[in-house]
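First subunit A sits with subunit B, and in the next complex the same chain sits with subunit C.
Entry: the complex of A and B
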């Protein structure tokens, strides 16, 4: 498609114990674009996205083969520290999961552990900026020291996005970020994703084909642990080359 | 379709009957539990409350200078060792001028606690101007008199079963009708340690002993157990060895407490030569016993913290350790504290391991340090229960009340802490 490639995976296989969850995934993800991963439940799209920031490391029985290259570095190479990687590849989860602390503390936690702010003023500014970028600041500026858990579901999810932005990642992974939200909150998040795509490479897993069509420039279709088809979003939804993709987007499988 | 509904109706009757039966069983269970609780509390409190009060007798004490200071030197050393027992019996005798027989005098003198002779000596050393004078004083009655006053039904018993003779009963009734008897708060019970005389025995010594013991237990077990729990649950690799540890820690929680006592006897006393009967050793033994309880509580409260919190922290680039210390552990604290307090209240009520390391001695002073000889609350109750004198029956029940009060206090604290620190997410 002519853009810089940010992430490229080469023949990635993932196993949970003896069970193969992903088979031979080779995928290129362009920089500062939104790539959506679609497919029926259990197709491996969440497993794949969690490989990109090595979240799967926390699962003991999970084993990964193949190469995942981000900025010309194999992130599964021995010398790569997963903690450092996660500062570069942020993640937003399916269910909003703010810490049971104040809104400020939620956003300040990442910068604080990474030592990103030299002074309290700098930290304040960083938190405010992150909240502004996540489109949350105007709504909560008077109650920034109230618990993050007191916000509505959509606000909580934007708080989680602000928390991720605060550590200045280059890539943001979103694992079904709207599946627990109502349509209005979903629309707000989708707008936000559009806005964020100017500065960040975004990979989003979604159940909703409409959402994929609305927010992403590239779409990858997963089925039973295989990558069936990947291409420009408009192409995938109008003229898919594979029968399975056709079946899925027309509702015959999944 | 209709026949199907009929079947459902039929089975519904059966299901409803089963439900009603189950409710009934549950109700019977709860009611009988409450009933037993009431019986226990009633019997303990009705006995024990008697020990919180004690009897005093009004005596016009004549400090005879012939007995106290015959040489008129006013020397404190000599006065201190004067025969104040005779002062008391002579003063009592003046209440009953017709008594002259020596054995009668002795029976009369036994109305007053033997501790009062020392108290009078102390009083006179400080107030020498009373020598040769008389003063109306309320003297502590002996335990036998106290028991009869508190249990009037005993007066109707035959002489052999009554603790006091017919003569003594006559005198007692005379004192009573002269209004020379009063009941007051039993200060000795709350301020003294053990004694051979029930009216002089108190719970304070064993309370201090229990307190010192529990401090040691808490200091030793809490940090070690929480660290072990966090390590095993969050940081340790899951392999055969940690599985083995896990099984054994669960087993340790079920080991009878007396085994820990034997371990303490063998290691702390016989090998390490720590002082016998001391709160420090008691605390160490109880810490061993409490460790597995707190480890298990720590692990289960860590487990109940939702994984989404861990993922959030890890996803932001926190290390495993940071995610535990900054987020998971604070959320687990209420559960850990509840488990700790439950473990501590079990330690407070434990007597068997303390018997093994000698905290069962007869000790008349409250311990002043962790190394002094001491008893503990449950052991004191056990000691009093096995003492023959009638006055200890009430003391035993009163000791149980004090122990129960502290257990309720600790469990109340656990509930309070749980509600105060519990966070919603």
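Entry: the complex of A and C
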């Protein structure tokens, strides 16, 4: 697509024990763009996204072959510290999962453990900026020390996004970030994704074709562990080149 | 053809297509009758053609309403989306063609009868070709056939050339006999209406190809 490639995967295979979950996935993800991953449940898209910040390391039976390159660096190389990698590649999950702490502490937690703020003032500023970027600050500025769990679902999800961007990641992975939200909260998150894409590379897993069509510039279709098709989002949803893609996005069986 | 998981979605798309085919057949009948009026002027039949145009307008509204509901209900993508887009486009083209057929009938109403010295059959022949090419475009839509659709623009080139011939022929007729200038002028207006139907048939064929290929040429 003519942009810088931020993430490049080369012939990635993923196994859970003997079961192959992903087969030969080679995909390039452009910088500061939104890439959607679509496909039926169990097709491997979440497995794929979890490889990008080595979340699969926490699963004992999970084994990965192939290469995942971020900024010309193999993220599975021995010298890579997964903790630092996850600071660079943040993640937002399907169900909002704020820590059982105040709104402020939720956002301040990451910068504290990574030592990103030198003083309390600096930390305050970082938390405020993160909440502003996540489009949440105006709504909660008077109750920033109340529990994060007291927020609505959509606000909690934006809190999780604020928490992710507080540690200045370059890439944000989102695994069905709106599937637990109502249409209005979804619209707010989508608006936020548009805004975030100016500064971050975003990879989003979604079950909503319309959401993928709205928020992303590139779309990849996964099916039974294979990458069937990847291309410009407008092309994938108007004239997909593969029959499997066409059948999936139009809801056909045969 | 694969079916949708949701069967009512297939029913909606089929219903859209059958309404459009019905509209196309009604328009075809209107063109047929309008062309027939050129050969045999018949005031009551001309009035009938004008009256029947209202039914075509109503079908266009119906298709538009149905397509709008289907869009909002199904949020279609890829070939499904194109099918709905071309339904909107083709129904609007058919409505225009219906107007042209009705305009031919209107011209017939104003000429009332042909002068005895007017003997040429060329505009009627033009009408027959236009009707035939419209029917071809309609078949291409109904059968979703790229091959049939591709023959329509080629035939339209022949139609345009015959239209030019008719135009020159009528200029000569008017120069030779000043008494038939009024009648010939109306006939030339009719020829123009027919030529427009030819052009619009070509647009239908292009929409059919767009639906099948996914890109506009």
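As a convention for this text, the second predicted complex is superposed on the first by the 252 of 254 C-alpha atoms of A that agree within 3 Å, B and C clash if a C-alpha of one lies under 4 Å from a C-alpha of the other, contacts with A are read in each partner's own complex, and residues count from 1 in each chain.
The rule is simple: a residue touches a chain if its C-beta (ideal position, glycine included) is under 8 Å from a C-beta of that chain, and two chains touch if they have at least 3 such contacts.
Note that the structure is a prediction, hence the values are computed from the model and not measured.
Chemist: Mind checking the superposed model to see whether subunit B and subunit C fit together on subunit A or clash?
Modeler: When both complexes are placed onto subunit A, subunit B and subunit C end up side by side without any clash.
Chemist: For A:15, select first, second, both or neither according to whether it touches subunit B, subunit C, the two together, or no partner.
Modeler: neither
Chemist: Tell me the contact category for A:247 with respect to subunit B and subunit C: first, second, both or neither.
Modeler: After superposing on A, A:247 lies in contact with subunit C but is clear of subunit B.
Chemist: Any idea whether subunit B or subunit C touches more of subunit A?
Modeler: Partner with more touched residues of subunit A: B.
Chemist: What is the contact status of A:209 with respect to subunit B (first) and subunit C (second): first, second, both, or neither?
Modeler: A:209: touches subunit C, not subunit B.
Chemist: Which angle, as a multiple of 10 degrees, do subunit B and subunit C span at the CA centre of subunit A?
Modeler: Angle at the centre of subunit A: 140 degrees.
Chemist: Regarding the shared-chain residue A:237, is it in contact with subunit B (first), subunit C (second), both, or neither?
Modeler: A:237 sits against subunit C, while subunit B stays out of touch.
Chemist: Between subunit B (first) and subunit C (second), which does A:163 come into contact with in this model arrangement: first, second, both, or neither?
Modeler: The answer is first: A:163 touches subunit B but not subunit C.
Chemist: Going by the contact rule set out at the top, does A:87 touch subunit B (first), subunit C (second), both, or neither?
Modeler: In the superposed model, A:87 contacts subunit B only, not subunit C.
Chemist: After the superposition, pull out the minimum Cα separation from subunit B to subunit C in whole angstrom, please.
Modeler: 27
Chemist: State the interface residues of subunit C toward subunit A in the complex, per the touch definition above.
Modeler: Per the touch definition, subunit C meets subunit A at residues 1-6, 9, 75-82, 214-215.
Chemist: Given the complex with subunit A, which residues does subunit B contribute to the contact?
Modeler: Residues 238, 306, 308-320, 322, 326-327, 331, 423-425 of subunit B touch subunit A in their complex.
Chemist: Show me the residue ranges of subunit A that touch subunit B in the complex, using the header's touch definition.
Modeler: 53, 55, 58, 60, 83-84, 86-87, 90-91, 93, 95, 97-100, 109-110, 113-114, 149, 160, 163-164, 167
Chemist: Mind listing the subunit A positions that touch subunit C in their complex?
Modeler: 209-210, 213, 237-240, 246-247, 249-254
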